[in-house]
Each structure stands twice: as structure tokens, then as C-alpha cells.
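Next come two complexes, and both contain chain A; in the first it sits with chain B, in the second with chain C.
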Partner chain A sequence: MEPTISFFSGFAPKDLLFLGEAAVRTMWISVLSISIGTVLGVIFGWILYEGKWAAALTVAPILDVFRSVPLIIQLVLFYNFAPIIGLNLDPFASGVVILTIYTASLVASVARGGIEAVDAPMRRAARSLGMSYWQDLRYVVLPIGGRAVFPAWVGVALGVMKDSALVSVLGYVELLKASQILITRTQEPFLILSIAGAFYFALSYPISRYAASLERKWAQ
Partner chain B sequence: MFDYNFHWRPVMKSLPDLLEAAMLTLQVAVLAMILGIVIGLCLALIRLHMRGPLLWLASTWVELARNTPALFQLFFFGFGLGSFGLHLSPYMIVLMGLTFNCAGYLAENFRGGFQAIPDTQIRASRSLGMNAWQAYTRIVIPQVFRIVYHPITNQMVWAVLMSSLGMLVGFRELSGETQFFASRTFRIFEYFAVTAVIYYVIVKLILGASRLLATRLFRY
Partner chain C sequence: MIEIHDLHKYFGSLHVLKGIDLNVEKGEVLSVIGASGSGKSTLLYCINGLEPVQQGKVVVDGTDVHAKGTDINKLRQQLGMVFQQWNSFPHLTALENVALAPKIVKGKSKAEAREIAAQQLKHVGLGDKLDVYPSALSGGQQQRLAIARALAMEPEYMLFDEATSALDPELVGEVLETMRMLAEEGMTMICVTHEMGFARDVSDRVAFFHQGVMEEIGPPEQIFGNPQSEHTQKFLANVR
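Now for the complex of A and B:
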């Protein structure tokens, strides 16, 4: 009997390691863009709050574009635009840039809501106690407003973590791309997708539950 | 600095095709939203009033939809079901994926809406002689609709943006069509720039229409 040649090989334990490495890359790109994006977003939120009509005419429409165009289009567009202006970015760098701006545009409105959540009398009281404008922001607005919008921020951060799966279109091998590669080789889509999905779920579910319980506790 | 010649002519030539594809995007998003609202309503009611296997099913649906990437859900309907010999057309994959996702997100919004209506209102309407169906359709649902109107609008925008993922499962909606033309002409940046503008316009139209509708619906 002739030996049969198969182009597909089954799911092996070492593939779990491959998926694990990809999961670490998903975490890494998410953590990086969420942390930079949050800092930028808070600054934008402050500009939106203090800038009044000037910000409403300049910063707000620009941030709005990033919320109104699909992330996948933004990624492809930026990845193909960067070489035009002479930047040579690898998929990871392009992904971080776009995810960061995307996070910032979402966090900006959250941060603005946080600043608005602190009543004017409270801030006047802080100023009349002799605090400077920045001390007022740091010691009054940040703790009170930050607490008010923390659950919303967690929602944004988890959303970006999930959306980081889209960086795979640029060829960055994160969790979902890795599972696609494995599916092509092993032809076991159900098993591998379940593992990938379980990972996202295990990351996202406890955090969203924790944020919801915090929200309930603080509401009382 | 610019060592690149922009070629907009091929894009302009295929603009009618892109606009036609945009209609397909809208169609699939609207269908998914209608199905999502109906299913989401059922899921919310089940989670509020029922116990047993149905509750488990509804909770699993909602948590899976909210805690895994939309792209993962699309892949699952696309490739995952292939394990069971179920091969769906790209249109069905996108429609089912979007519906699954929208229903999960909307269910949570509806649940919040239902919880905001005091129980006493239902008891009052029941004691006025309405049956359960009448009390729900005449008293509760209209009020809940008002509460969830804004989240539904947001979800509609998300549905349009999410449908762009159809590109990755071979669906020729706006993004898929763009991808098709872009890879045929190598004018990737130009095509995706125009597509981004089309998405932006669609999103603004939806938001504008919903605002107009709201002023008519909620006049008093």
C-alpha cells in the first residue's frame, strides 16, 4: 500500500505555546496603546472641556472622525499612508499608532464627562481654600471625576483590547491571526477558535464584572 | 517629501460600484439591527423573569457577545461552524455575526431600561384591567423605548462600522468591494480614503436622521 501524504497535521501541544505567545502579543499591543491612548485622551478631554468653542471647532471634529470610520479602514489607510510621507512602520508600530489615537478619541469624551461630573461649587471651594488651578485638578477633579467615569473607562479599554484583533489585517500575528494560521494547518477551526475565544473571554469577563460591581458599590 | 503620485481617477470611475456596495452595508446593518432588537428584547426579558436552561442560554449569549471580539464572532460563524459541515455564504456570516453581537449588547441596554420602570406601574395597569400583554405593550415598552433610544442609535452606528469586518470573510460590502478594487489597481490608499469618507457620511446621516426622528417622536 502506498503511503498517503497529508498536508494537514493535527493540533499538537506545542501549538498551545504558539497561541500563548500570540496571546502575549495581543496583551502587549493592547496595554501599550491603552496606556498611551488614555494619557492622550485625558489631555484631549481637558482641552475639550476648557477650550469651549475653539476646541469644539478644531479638536472635536478630528476626534470624531476616528469614532466614525471603521477601525479596520483606519488601520489599512494609515499603514498605506505612512510610506507616502516617508515613514517606514512595521505592522506593530502602525497598529499601536492607530489603536492609540482610537483609544484617545474614545477616552476624550469619557474624560470630559469626568471633569463635568465635578460640580462648580466644589471646584470653587477648592480654589477658595487656596489651591492653584492645577492643584484643584489633581486633588479634587481627578479623584472625584475619575471615580465617576472609571467604569466607562474600563469599557473603553476592554473594547480596545478586543478591537486589537483587527491589527491582524496588517499581518501582525496576534491571537486571532495565530489561530487563523493554525486553522489553515490543522483544519480544526472549532477547537482552535474556541481556545482563542476562551482566552479573550477569560481576560474580558472578570474585568467587566469587577467594573460593574465597583459601579454598583460607588452608586450607593 | 511626497514621492508618490496620487491617482484618483480609478477611484472616481468605480465610485458608483462603491456606493452600491455602501447600500449593501446599510442593508445588512439595518437587518442585523432589526433582528438584534427583537432577539435582544427576548434575551433581556428572559434574563429578568425566567430561570433554568433558558436563563443560562440567554446569559451565555449576552456574555459571549460582549466579552469576545466581533471579529472572533464573525470567524466563528464563518469557519467554526464549518466543523459541523455548515457552510454559510459571506452575507449570512456577516448578518449572523452582527445580529449575535448587536442582540448581546442591546439586551443589556434593554435590561437597564426595564429595571428603570418601577414595578408599581405594572401593578397599577394590571389593576386597571389590562392583561400582561397590554400592560407591557402599552405602558412598559413605550417608556423603555424612550430610555434605550439613544443606545439603539449608537448600536446602529456600531453595526455599520462592524459590518466592515465582512472584508475579512469575503463579503463584498463597502469594505470588501474597496479591498477588491484596491488589490486590482494597487491604489490602496486612494480607495480606502474614499471609503473612509463614505463611512463618515453614512454615520453622520444615521445620527442626523435619529436626531430628527427623536424630535418628532419625543415631542412631549
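Now for the complex of A and C:
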């Protein structure tokens, strides 16, 4: 007996390609947000460290808001209210903006911890050699503090990559959204979600492995 | 020459240096002794501008360390400093530790900087440790690494802040030996130390600090043989 359904159809090889493309979009939005967010976060972390009470009154509460309000609420709010102030951003750009700020708010405390991990005598020794404040930051604090908090940063990066799934609520077709589309069509949630999960794993596993190997190298 | 005029240093309301007057000539080795908290470390920090001062001044080869227009990073190249804690940069090999500042501060080429570094490491007896990371070095070796790192900037003066205090007793000797070698080579040195033997044998003069005041200064024979101040006598009676 011939299947009579035309609207629903089974999982086909081209669907794998569809998911693959979506995975690339997940990667793309994550790479952008994590890299820009990290640079901003390091700057915020430095401000938190150096700014003392002035930073505690200005930057810190703003970062706290982004850290504590659920990402999905930030995304929806930003996407719907940005046009009011004249910002017409597509779902992708809105996602990048919010994920970047979110990453920055998380990285800021990691970065501050990194700076604090380099104790004062070490920095005095660097300065006593004639290094400027910035040379000390660049050649002493960054590598030493950076290594100290690298595992925490990797945690943030992997978390943001998974959280990028939330951008799907804006209609951006990344991995999760693509899975939902296919599930609706094929009615095979178990299969599709397993494949999507495998894609997420394929994106993060190399990062964790690479991070682990770096940490091993630094440990000696 | 290092000239210190009426130097006062406060930490908040704590008066830590109470009017220090002291000149150190080129080629001289001065040891600074005194009880914990008497302001010895603070004096060194004021000399190379790591701590600001509230009154008086420090002049190094004619340059006022704390004056507004002074390029402090340039001046510090003349003032090598070795701390109680060795502070080797843990992410760099011994050679890279020593080569870093010549490269980034003095703008030497990578090859030149490594050349200087290798030379200084040999100088302090670490010629066979060039590519070793600090974590694989003993405290004494790390402290000699710190000396080489300071020497690589070709300073005119070396400031030692209890360079041997944090070391296990059996490692003290090698560091003192290195300091003694520098003294014999004619390096101008100010050594804050608890090693009375070193102070007696190596220094041209010894200064005794007591509660932020330089109580007494003179040749080692005077300080150890015939101390003039009552506080000096008490201090020395206790350390012996």
C-alpha cells in the first residue's frame, strides 16, 4: 500500500545537510559572540579591577543585569524594542548583539579573577624591570592570569554556544530551530534531536579537547 | 650616586619613614639591617619609585625619582631589584624570563636579548638551565634567576630586599655567593638583609633602621664591633 501522506514525509539525506547548515549557523553566531564578547569582557573585567568603587557603581550593576536576566527574555525584549529606538536588526544581528553582551558580562568576572590571580609582588617585579603599566598587563598579567582562568573561560564559551539555541525564538534557523522544523515535518523527534545533539557535541568536543591539551602543556 | 634627602613616607596615617638622609656612592655596598616593620623594604620601594613619597626626595644620578616629569620606567632600568619572593614568570623558561625586559623595555632584537640573557644566566651559574621552566628550579636557583633578570637590564645599582629570607637554609649560601660576586665586580648595591655575616664581610657600610629612623650608619666594624646607639646594641644582641 502506497503512503498517502504528502504533508508529512520521513527523514531524508538532504535533511542531514539542512541540519549541517544549521550547525554552521550555530557555530557562526557563537564564534562571533564569543570572540567579540570575550574582548569586551576582558576590558570590562579590567575596569572592574581598576575602577574600584566607581566601577562598582556603574559597570558592575549593568553587567549584573545581563548576567541574571534569563537570556531568552533579553533576546525577545531586545528584538522587539530595538526598532523603537531606530535599530532595525534581523534575528541574526539581534542574537549576536545580545549573546555578545551576555558573554561579555560573564567573561568580565572571569577576567577580573584572572587579574586578581597575579599577585602584587609579581607585578612589582615586572615594574621594577622598567616595564610600563601596559607592558606589565600584556606580558605578565595576561599570560599568567589568562592561564589561571582559562578553564573558566572555556566553560563560559561552551555555555554560550549551547545558549545560542535560544536565538531560535527570534526565528533564526540555527540548529535547534532547524530540528524543530524537521520534527514538525517528519514526526521523528527522537531521531532528529539525537542528530542535533550529536552536532552540538561535534562543535564543543574539539574545543574541550584542545583546551585540555593546552592546559596540559601549560602545566609543565 | 643615590641621594636621599629628608625622606618621609606614610601609609595612611602610619609614619613609616621619618626623615631619612642617606647617600650611596658609586661602587659602594650598603647593607640595611633592622627589626621587622622598621621600614627597610619601604625605603627600597621609595628609591625605585614603586611607592610614592610624601616629603623629601630621592635623586638617582641627578634625576629626581618622584618628580612629575621623570620617566620612571627609564629610570628603573638603572635600578635592578631583587625581592624576597623570587617572582619568576612561571610561563616563561629561564632564558625567556631574563630576555623579556631587554626585548620589550629596551627594544633589543630577539637574538640580542637571548644573547644577553644567556650571558647573565651563565654569570649567576645557571648556564645549564636556559630552557628550564621556573617550576623545575629550586628556590635558590629561582632567586639567582631573578638576579640575572635584573642584571640583564644592565643597571647601575642593585637593590636587594631580603633576597635570602624566603629560602631554605641550605639554599641561602648560593645566593649570598652570587651577591658577593656582584659586590666584588664593583656593582653598587643596597642590601636589606638579615644575614649579619654577609653584612659584616661584604658591605662598605651598614645602616641600622629602627621604627622608621636610620639610627646609625657606619662601617661594619663600628656597627658590629662598637655600636653607638642603644637600639643597635639591643638589636644585635638579639640576632646573635
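Following the convention adopted for this analysis, the second predicted complex is superposed on the first by the 198 of 220 C-alpha atoms of A that agree within 3 Å, B and C clash if a C-alpha of one lies under 4 Å from a C-alpha of the other, contacts with A are read in each partner's own complex, and residues count from 1 in each chain.
Rule of thumb we're sticking to: contacts are C-beta pairs under 8 Å (C-beta built on N, C-alpha and C of every residue); 3 or more make two chains touch, one makes a residue touch a chain.
Every value quoted in this text rests on a predicted model; they were computed, and no experiment measured them.
Visitor: Does the chain A-based superposition show chain B and chain C clashing or fitting?
Guide: fit
Visitor: Under the stated touch criterion, which partner chain does A:218 make contact with: chain B (first), chain C (second), both, or neither?
Guide: A:218: touches chain C, not chain B.
Visitor: Could you look at A:81 and tell me whether it touches chain B, chain C, both or neither (first, second, both, neither)?
Guide: A:81 contacts chain B only, not chain C.
Visitor: Per the contact definition in the header, classify A:188: touching chain B only (first), chain C only (second), both, or neither.
Guide: Once the two structures are laid over each other on A, A:188 reaches chain B alone.
Visitor: Touch check for A:135: first (chain B), second (chain C), both, or neither?
Guide: second
Visitor: Touch check for A:165: first (chain B), second (chain C), both, or neither?
Guide: first
Visitor: A:121 in the overlay: touching chain B, chain C, both, or neither? Say first, second, both or neither.
Guide: In the superposed model, A:121 contacts chain C only, not chain B.
Visitor: So, A:201: does it touch chain B (first), chain C (second), both, or neither?
Guide: After superposing on A, A:201 lies in contact with chain B but is clear of chain C.
Visitor: Could you look at A:147 and tell me whether it touches chain B, chain C, both or neither (first, second, both, neither)?
Guide: second
Visitor: In the superposed arrangement, which partner chain does A:68 touch: chain B (first), chain C (second), both, or neither?
Guide: The first partner, chain B, only.
Visitor: Check whether chain B or chain C contacts more residues of chain A in the superposed model.
Guide: Tallying touched residues of chain A, the top partner is B.
Visitor: How many degrees apart are chain B and chain C as seen from chain A, counting from C-alpha centres and rounding to the nearest 10?
Guide: Placing chain A at the corner, the angle measures out to 100 degrees.
Visitor: Determine the nearest approach in Å between the Cα atoms of chain B and those of chain C after overlaying the two structures.
Guide: Superposition on chain A places chain B and chain C at a least C-alpha distance of 24 Å.
Visitor: Over in the complex, which chain A residues touch chain C? Could you list them?
Guide: 121-122, 124-132, 135, 139-140, 143-144, 147, 218, 220
Visitor: Within the complex, which stretch of chain A touches chain B?
Guide: Against chain B, chain A makes touches at 65, 68-74, 76-77, 80-81, 83-86, 158, 162-163, 165-166, 168-169, 176, 179-180, 183, 188-191, 193-194, 196-197, 200-201, 204-205, 208.
Visitor: Over in the complex, which chain B residues touch chain A? Could you list them?
Guide: 1-4, 63-64, 66-72, 75-76, 79-80, 82-84, 157, 161-162, 164-165, 167-168, 175, 178, 188-189, 192-193, 195-196, 199-200, 203-204
Visitor: Chain A touches which residues of chain C in the complex?
Guide: Within the complex, chain C touches chain A at residues 45, 48, 50, 73-74, 76-77, 79-81, 83, 85, 87, 89-91, 100-101, 104-106, 133, 135, 146, 149-150, 153.
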